[in-house]
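First subunit A sits with subunit B, and in the next complex the same chain sits with subunit C.
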Partner chain A sequence: MAAPLVLVVLAAVTVRAALYRSSLAGFIAERVEVTSPLNAWKRVVEGLALLDLGVSPYSGAIFHETPLIIYLFHFLIEYAELVFMITDVLTAVALYLAIQDFNKVVFKKQKLLIELDKYAPDVAELIQTPMEMHYIPLKVALFYLLNPYTVMSCVAKSTCAINNSVIAFFILATIKGSAFLSAVFLALATYQSLYPLTLFAPALLYLLQRQFIPIKLKSKSFWLYTMQYASLYLCSLVVIICLSFFLLNSWDFIPSVYGFILSVPDLTPNIGLFWYFFAEMFEHFSLFFVCVFQINVFFYTIPLAIKLKEHPMFFMFVQLAIISIFKSYPTVGDVALYMAFLPVWNHLYRFLRNIFILSCVLIFCSFLFPVLWHLWIYAGSANSNFYYAITLTFNIGQILLISDYFYAFLRREYYLTHGLHLTRQDGTEAMLVLK
Partner chain B sequence: GGMAAAVLLLLLLAAAGPGPGRAEAGRERRDALREELLLTPLPTGDVAATFQFRTRWDADLQRGAVSHYRLFPKALGRLVAALGVRELHLALTQGFWRTRYWGQPPLQAPAGAELWVWFQPTVTDVDKAWKELSNILSGIFCASLNFIDSTNTVIPTASFKPLGLANGTDHHLLRYAVLPREVVCTENLTPWKKLLPCGSKAGLAVLLKAERLFHSSYHSQAVHIRPICRDASCLAVSWELRQTLTVVFDFFSSGQGKKDWSLFKMFSRTLTDTCPLASQSKVYVDISPKNKEKELLEVSPPPTSVHEAVVQGDKKTYAVYDLLSPSLFNTSRSLNVQLKWKRPQDSSEMPIPTLHAQRYVGGYGLQTGEICTLIYNTHPYRAFPVILLETVPWYLRLYVHTLTIITKGKENKPSYIHYQPAQDRTRPHLLEMLIQLPANSVTKITIQFERALLKWTEYPPDPNHGFYVGSSVLSALVPSVIAMKDMDVEQSPLFTSLFPSSDGSSYFVRLYTEPLLVNLPTPDFSMPYNVICLTCTVVAVCYGSFYNLLTRTFHVEEPSRGGLAKRLANVIRKLRGVPPL
Partner chain C sequence: VCTSRFWFNYRHVANTLSVYRSVKRLGIPDSHIVLMLADDMACNPRNPKPATVFSHKNMELNVYGDDVEVDYRSYEVTVENFLRVLTGRIPPSTPRSKRLLSDDRSNILIYMTGHGGNGFLKFQDSEEITNVELADAFEQMWQKRRYNELLFIIDTCQGASMYERFYSPNIMALASSQVGEDSLSHQPDLGIGVHLMDRYTFYVLEFLEEIHPASQTNMNDLFQVCPKSLCVSTPGHRTDLFQRDPQKVLITDFFGSVRKVEITSETLSLQRDVAGSESKLPEEELATEPLKYAEQLPVAQIIHQKPKQKDWHPPGGFILGLWALIIMVFFKTYGIKHMKHVF
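After this line comes the complex of A and B, so read on.
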């Protein structure tokens, strides 16, 4: 399996190198869909230039990266293109290894459940076979590396790639079962962009499952393990934040990074829902709606944890998608990360209801974004409503895609336990409804 | 009755006699007013008229309980004393001084309103004092100076050194703000005139009539208050108030196409008498010959004297009319100075000023842009440094790593940069640089910016007009063509005494560039409710889908008994004779 992966990596690196040398690199770096005030490369360079001038990068409102990024790029600024290509490759390799291990776990669990007769007799066609699962890791790596969103994100040198890489390593560490590494990578991811905090729940559920600890609120071992994992996570987070303090000897980065993410003062257009909402918000309600929108990202965690406690990886996927859609400054790099997981749920294809129209919506919106931006900003013949409309449509497309996959997943689970051919009490074929 | 009143009045006067009023009147006059008017014909055929009213008061405003104000206006005196102001400079300007075509200005001000103040070291909360000061000045001058707040105030470190006496220069006591959108009109001129001791009733101020002054290309009125040495030994401090007004009358609109100017043509008034409170009242007409030839300008009536001085590094000849000399009003009751050109002026004779600059916005679209400043040094062999101060509002996000300075095709690194980045909605950008200008060169300074999208309430009522960026300030010691002799600064006329000059070989110049007008992307102002509803709908779609999937489970569908609609349909079917559902 290594050879096809190397081939894919080579192809990806070639595409990126070709784009770096072309004139499209400047055009892509300016796209607001690809870069946001949080992760634009121009702002990293600006922060380093301010540091050279003797001014703290956090004294202005331009630089919102964490001090570790300053530290990293202070030494690697000349090799920036190489750094981002290597980051993408590392992310793909991490996802490959993670999904490889995950497939083994899935297969083992499936075998156990078949032996325990938990599945209905006529669901043979729903069971995943090693044959069809063989190419999934490669497809995941392919989906990530050759996704146009990822390529554009890499060519624009957006630090979203670094965030994706850390999350990929976190997923790898979780699947391999190492609680310590998983906590460290999760702390790094939270430190960089705050929202991966919600990935604590799926990781914890996965590790508990792997340790065969039952998820009962009264169980002592459950609380013991949770406390262990939580303390590992919090300690690493505290250590990283203290290290950042010692870099510039000030706590200025906390309001500049986390205050910025949470209070959304910069209304630069992006593919998310926040910018136009707060551009048109009545001043009186601004704080209330900021709180509502931020809580919106975090509050799906507990209900999803309760519903999907047997399936933490799917929970992780849904949670990643919710973060990408509802975070304050989303970019296409975040979308690319959860889309890389779609090959893992290939077996759900027969239960997806709207996949064709949703893919069309997402593709068309991706093409319309730059067109309507140009019409608004450069041609002056459209106004901000056009771009906002495409933002809304794109987000609805993403939301319906995720809920479609969720529906398909739950439906497959129902069929697995109750059988594929359902009959009503009088023997006629039955319909399945959600009630 | 009348006799009794007169006796009463006499008794009252006698009683008030040995009071403080008599003592004051008995002492030597401690304040003096000097008025000057300078008429300068400009190379393009326009004429510039600069008025200066200097009131100098030998009193210590800071310490004493000064209650008796004579020539010095009480409003400004109380302001200086109460808020601990050391120096105050306020200018209200309409139009732009074209340095390239009109030459170096005697005193330039940026378009709009500019206020810069040095506070005393005893002031503890400078920001509070600044806010109070701008509000009080807004009331005194009927200008919208109350819009000065932290979003347009900066603290320059090198550009605005004190022009009066100063002990130390801790730049945290300095505040500078400019409002480029401010418009100057008659209601700003009237309170300004009221501060003059004679008002606009006598002396040179009778010429200040609003309908002619605002029919001009450039109108700038300023107030400068500063402490100066009382005498050569500088043991005591006097306060000087200078009120200056510069107006440029356009050759085409005011001059009706003819280059002959006169006081009546410019101001529709002539000088009739002097202000009795003024100790000096003079009119200067610049009759300097260009290119060392004979004078090409003829003035009538003949002047009382001719004065030669080195002003701004150049030798100038002035025809002086001393309004206090008795011989002036002998022949006629009024003085109407007339300027006539002896021979037609050749446009190629226009002398180019040693230092001039221009600024513009580059780029296209509403996402990014570039501020370009061009600074010209036309001196043939001398290089000199210039300090450039740029204040850019926070919504044009400057990227200082894109700052490039190019002179004669090569990069020119500034020897001093002070950059303070902006904070959103709190503070503007401040960029100060010391740039060395080589002889006979053009220096191009460019910096890129990104345009921010603001909240819909932060746009002005006409959002597509654009946003103004205040003029940038260039301060330099320009080398003079002719060395200036040390002269008695008190006696020298015409603004040479406002700026310091350390030696005679260079003179201080402060230039301002054009203000910029920049468009920002705008949201649709008619749609706040629609946007809120639509975005909340998207969030609700997600919430609804997830709520369904999380709280409901799959069930086999039970055959439904049929609702009302089905029963009604069955009834209709029976009537038609079709099998029921």
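After this line comes the complex of A and C, so read on.
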């Protein structure tokens, strides 16, 4: 499987290199859907220039990257394009290896459940076979590398690519079973943008499953392992934050990075839900609504953990999607990361109900974003409501996509244990509904 | 100065442009006029007759035309810019057409129109200028000797409140309505769909149409324009600060550019400029050969330019700590046995 992967990587690198040399690079770098105040390349350059002039880059409201990114780009700024291409390639390779291992785990689990007779007799067509799962890792790498969203995000040199690669490595480490590495990578991801904190739960569930520790609230081994993992994670986070202090000898970066992510002061339009709401809100209520919106991101973790405790990877996927929809400054790079996982759930295709409409909605909205931006800002004949309408539609499309996959996944699990032809008590055919 | 934006305030732009046209017709050139229009009616997408601004019903008179020179347009018409123009406290990069280049012999006419209230005039639907600010601006102008005499005309609701606070000498003021009264608009035009002019300015213009550069009409006639029967509001005026008798002040003193010409039949001889001979450069100091463009920077220097020296470097402790952590993580994951392969 190495050769097709290498081919895909080469194709992706060619596309990106071609775009870097063309005139589209400048245009894409300006688009607000691709770059946000958190991860724009312009701001990285500005921050480093400020540092050369002897001023702390966090002194204004321009630079919101972490000190480790300062360190990384201080030496690599002339090779920025190469860095971003390599980052994308690393992400794709990490996802490839992760999904390869995950497929093995899925297959093993399936075999175990078949032998234990946990499946109903007539579900042979629902069982995944190694033949159909053979190409899934390649498809995942392909989906990530050749996704127009990723390509645009790479050409715009948005540091979202770095965040994606850290999350990809975190997923690889989790699937390989190394709690220490996974805690370290999760700490790095949380350190850069706060939201991967919610990925702690699915990673924990996966590692518990791997260690065969049952998830019962009274079980001592469960709590022991949880404490171990949590302390690994928190310690690495604290170590990284303290290390960043020593870069500039100041704690300035904490309000600039985390304060900025949490309090959302910059209301530049993006593909998220925060900017419009807070642009029209009275000062009096803004604190309350900021809290509500931020809680919304973290809120779904516990219910999903309860429902999906047997399926931590799906939980991870849903959680990634929720982060990229509800975070304060989303960009298409975040969307690209969870879309890379869609081939893993190919077997759910027969249960997806609205996939055609949703893919049409997402594609149309992606095309309408620059059109309505032009109409609003340059032509002056539209206003922010038009752009926000497309933002809303795009996010609704994403939310419906996730809930569709969620429904399909749960439905398949139900069919696996209860058989394909469901009947009610009086013998008529029954239909599964997600309540 | 027209201070209102949006299409339905067409009449304010038409008012201002009509006064502008009359003043140009009577001889004041564009270099002596600062025209501020807060919105573009002629090219507004809602204008059924683009590139025109009409002031009479049935589209008789297009006050826009080809030779309108707008100095402050659209969002540049702000209280700050207006006060800066008046007081002359303008950044050095402002072009001459945007400055009020007046001195102590200049007579200034200020015409303002828009929406106003008791003591204020609204700019652009977002800020206001108060009568106190305006009075202080005029006092600054007086102290800087920026005007000889000033005529202030305002056509807004409760316009008389704007001139109540003036305290500088040589100011005469006219307003279209008293405090507590609204100034009304004249006629709507059904083809364009908005009111084209305000009543007070309409009748002032009818009055001005009869003025020509040689006419001897005086200010008292201007005060009689637009009585209550025609205007519905009561126009007001204020002359107590003015040192001359309004009867003796000609309309063309403010609205036209009429110069007093003295014809002389004597000859005058002008002195040669003595200081000019000392300012010539001595010939010997000029360079023998002017530098050609291509030779100014050797090519070798350009293509081998070193990258910019970076002034900031991460502290050594940080780099050490970071790499120590990375190595620790590496060995923790992969075991100590790999150490011997590294070393």
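Throughout what follows, the second predicted complex is superposed on the first by the 428 of 435 C-alpha atoms of A that agree within 3 Å, B and C clash if a C-alpha of one lies under 4 Å from a C-alpha of the other, contacts with A are read in each partner's own complex, and residues count from 1 in each chain.
The rule we apply is simple: a contact is a pair of C-beta atoms (placed from the backbone, for glycine too) under 8 Å apart; a residue touches a chain by one contact, two chains touch by 3 or more.
If you're wondering where the values come from, they're calculated on a predicted model, not measured in any experiment.
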Check subunit A with both subunit B and subunit C modelled on it and let me know: fit or clash.
clash
Between subunit B and subunit C, the one with more contact residues on subunit A is chain B
Now for A:Phe364: first (subunit B), second (subunit C), both, or neither, which partner does it touch?
neither
For A:Phe222, decide between first (touching subunit B), second (touching subunit C), both and neither.
neither
Could you look at A:Tyr71 and tell me whether it touches subunit B, subunit C, both or neither (first, second, both, neither)?
second
Would you sort A:Leu51 into first (subunit B), second (subunit C), both or neither based on which partner it touches?
second
Considering only the touch criterion stated at the top, classify A:Phe246 as touching first (subunit B), second (subunit C), both, or neither.
second
According to the stated criteria, A:Trp41 is in contact with first (subunit B), second (subunit C), both, or neither; which is it?
neither
Touching A:Glu283, do we find subunit B (first), subunit C (second), both, or neither?
first
Out of 186-194, 348-356, 474-482 or 564-572, where does subunit B collide with subunit C after the chain A superposition?
186-194
Same subunit A residues contacting subunit B and subunit C, which ones?
53
Subunit A touches which residues of subunit B in the complex?
364-368, 394, 397, 399-401, 417, 419-425, 452-457, 521-524, 527-528, 531-532, 534-535, 538-539, 541-542, 545-546, 548-550, 552-559
Within the complex, subunit A is touched by subunit C residues 45, 307-308, 310-315, 317-319, 321-322, 325, 329, 332-333
Which stretch or stretches of subunit A touch subunit B in the complex?
30, 32, 42, 45-46, 48-50, 53, 55, 59-62, 265-269, 273, 275-283, 293, 296, 300, 303-304, 306-307, 322, 325-326, 376-378, 380, 383-385, 388, 392, 395-396, 399-400, 403, 406-407, 410-411, 414, 422, 424, 426, 430-435
Mind pulling up the subunit A residues that touch subunit C in the complex?
51-54, 68, 70-71, 74, 78, 178, 180-181, 184, 239, 243, 246-247, 249, 381
